[in-house]
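Pasting the structures here.
Both complexes below contain chain A, partnered by chain B and then by chain C.
Our next item is the complex of A and B:
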């Protein structure tokens, strides 16, 4: 049994130690960070270099090679049209990672701006937060489903839909952080010395709200990828023949008992990607608030 | 509200805050149709439809009126409890949702009743045995829970438990009126799979909250007083962490309903989620719109109740 009191003292001592090693050095010693970072780096490389890794066209159908089990020629086997599943999973990585990244970046920027505005201009606080409450009243996946369905089945629709669904949480996080930061002495000092409110926002408040947002966005990256896969799986997201991890699983589902490999590998790919991002998020959260977690 | 505000005042304030939210939701749902690229009447009627059929859809949906007129009619209809009618089901949205609600609600509630005890237990366990192998195991399981795509696990689950082992039916729903056994068998697996993400989420949240509480002075005091571990952790710590669970319930319900939209597809359960997806495929946008609206309203109410319960449970909130 661990003595929690002593452990937390130890953790505090570590946190208070002079930062001779930079943040990056400390991250490199963090197991979750190293594992998460390595996996997501490899997946990103695989996505970017897809045409170099596999010379096969992901949409090329060779009926002669239908439902081949995994082999040296077809690492992940082939599907009902004789397409190479390994190549499709590689190209699916491009879509899934792109959607996840785009959603977290765009929702992060919107969330940061709206959150700071709500905290700084008190008259806009009510309207902004009520709008966010309204968006948050829908389960995120259902809101995204509705918007994506209305915008039509395109990659951009999926990105817009998921961005709208995930903005409110970001706004709340930044607003809460900004409300604390704006009461800090240095912000008050800047105000007294006559800095404009734009300068205060961009130089003093925003930079100090970014770390909780960064942690949050790492998780949003994972959630957005899982949600994209789910939307594509039910047919509202990325449409075949463009390969996305979700729609490969949807196509493979009907043959799951005969050709298990079609649905198995893209599922492993999604799981690995989401797992690595969650590990990264945990590690970053740990670094920023060592008091709460102890995953090292 | 510097001093302790009266509970009634807080409840009244929260109720008042919900009014604009409900209005905004109504307008947002109304605007959903205007997102359609091109003419909504043509899209809904289908590309092959005759001009007469398109005109009929236009009239039926009131799209021939001005924007302001449409919005006014929409809000007035909502105020009278009219959420519109489905184009394909020959049914109002409210009755279509009502008919399918028991399926989705059974699924969501059963999954939450798996989630809360398991998630809280695992999270507390990990916090108490922090940095031991128990912590590592529990947190790995929780991490898998929030990382594995539920619909994929669902397909694997069907293959294992229905096709291979034959323990539960692979699809379809048995209403509670057919008896508890068949009902439970028809939704146990989907509910359990729905719980995986939520258990992971709740365990992670409980662990952080418990670590926070366990580091507080009053826990040290309780230990110093010589109170037993069970008393200290069980009574003092968990009780404070429970406040968090109330807050989490709203999020969990939302995640459960959202997740069931996807899971219902895999298990062919005739719930709200399956209806929405079918409505989308059939371009029955009024049904999509109305269903989202009803769910939006429901969650405003749920969040309101959660907020009020939270205020009741945690006296500190009242001092803000």
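Our next item is the complex of A and C:
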């Protein structure tokens, strides 16, 4: 899931600056980018390398070791079935980060396409935007809850539910940007040179609308991860025994008074991931804002 | 005269506003002959750019209508041409450059990418062949170190360089007509002169016709062979450049020429035309220049004056002055 960081870097380099390493150096000077990127990189590595970091099976129950507090043997303690919380948090990162990544990528692609279509084809503008308004009129988490409940408790239905819930904001962002960009002289110039409307949309308008969307998507990544945790906590998300940060917390809730560690560590993981993505989003926003670019 | 390359007849362009439709261009007719260089001059809001944009049908369809008139390019009516025909003409037959070179290049594409778009579209050139042409074209518009510049993004180029790139894009497919919409307005004076010189050379070498739109009489005088003066959406005078400057007939043209500052005059104040250009929404019966005209007569206020021939080459939309001219020169 480092891909998000890396693709945004690459797009940023193409969009904003002539020389890749110039942008890269600027990013490295940006403290919140470095912090955010490092944390998310570490979390991703932890998720990918989970089997190497911990040799314990995340679903193996050892009732003998129920509710052990954090120790050298069980870093984050154990839960009511004697499962190692550290291992479960590692494996939970896989689900949580995957859901966040998938939701931000899919809703980003859909948002970009729908937004640019709405901006460019006046006849479709009304229908698309009214549909988005309708979706927006529900709180995102409630909408996702309904869809996830209807589709059944699977990872894929969580992703679909959250994607639908988060598409409208992306569509609005891209549409607003596209409405500005399509009035630019270079779009007129492309038209004058005989380019077809599809070519104008995909080569001239869309690439110039992506930077606000990109910033938005880093936040969507964080929101989706939190929402997945919330859905799993409520019980319509990822089902036990598969670990996700949300359902580890949900399972630990009943024993919060006797085993605080079951809830605490996945909670910290969620906060860290959300924090790092927000830092990353802020940094990208600064980078892509031409007014903050200084005398380049 | 043989059939002109481009012929605009009685063109009216209207834009939608809250209260209905207003005419930004009203009954405009003009011709551009093969190899001709026509200058269109007028204040902001006189309709010169609107006319130019109409030629390639660049107005938004939903908010614009052209209730009358025709624009024919080599016999083909562009107002009624289907999309595919229009795309074939755009860039290949008629090219256009814009006022602000800072915003006419796509910031996410390299110079080479943008120029080869046109080549790909009309000549099917891609890859190395396209690149070779791009470098040739950049050299043609006098961009130093063309091979390296081709890979730059637009923000690395100065305004004058960008306008050169725009010109390279425009001439990539050797169009017969180049429409230049205030090509030098956004540039400083020395660069202006260089760009005009470049356009002049290209015109000579390629034999293309140019339609130059400007509010700067100096630019027009230097560049155009024939001048069309527009005021408030209408053509008020048409003449070869020498005639126009030596004996303008329409009071507006006279005023415009008088307003050009003269180097050898020690006048403390610049001459101006009193008042301002009316908004297209203002309903002025008769001559639209009459509220500002010092020679206004009663007949001017009654009906829109027709365009009258002063001589075989010159025409003006001011019957009293055309008559007076005729009386003086028998």
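The criterion applied here is as follows: the second predicted complex is superposed on the first by the 268 of 296 C-alpha atoms of A that agree within 3 Å, B and C clash if a C-alpha of one lies under 4 Å from a C-alpha of the other, contacts with A are read in each partner's own complex, and residues count from 1 in each chain.
The definition used in the following text is that a contact is a pair of C-beta atoms (placed from the backbone, for glycine too) under 8 Å apart; a residue touches a chain by one contact, two chains touch by 3 or more.
From a predicted model like this one, the values you see are computed outputs, not experimental measurements.
In the superposition on chain A, contact of A:122 is made with chain C only, not with chain B. Using the contact criterion defined above for the overlaid structures, shared-chain residue A:241 touches neither chain B nor chain C, since it reaches no partner. Contacts of A:193 after superposition: chain C is touched, whereas chain B is not reached. Within the superposed three-chain arrangement, the count of touched residues of chain A is higher for B, of the candidates chain B and chain C. By the touch criterion defined above, A:184 lies against chain C but remains apart from chain B after alignment on the C-alpha atoms of chain A. In the superposition on chain A, A:230 makes contact with chain B only, while chain C stays out of contact range.
In the superposition on chain A, A:69 contacts neither chain B nor chain C. The contact sets of chain A with chain B and with chain C never meet.
In the complex of the two chains, the chain A residues touching chain C come out as 14-15, 18, 122, 184-186, 188-196, 199, 203-204, 207-208. Chain contact summary for the complex, chain C toward chain A: residues 56, 58, 62, 87-92, 95-96, 98-100, 103-109, 117-118, 121-122, 152-153, 155-156, 166, 169-170, 172.
Put simply, chain B touches chain A in their complex at residues 17, 20-21, 24-25, 28, 32-33, 35-37, 128-132, 135, 139, 143-144, 146-152, 155-156, 158-159, 163, 208, 211-212, 214-215, 220, 223, 254-255, 257-259, 261-262, 265-266, 273, 276-277, 280-281, 285, 288-289, 292, 295-297, 299-300, 303. Those residues of chain A that touch chain B in the complex are listed here as 1-2, 4-5, 7-8, 130-131, 133-143, 145-147, 149-152, 222, 226, 229-230, 233-236, 246, 249, 253, 256-257, 260, 263, 267, 270-271, 274-275, 278-279, 282, 291-295.
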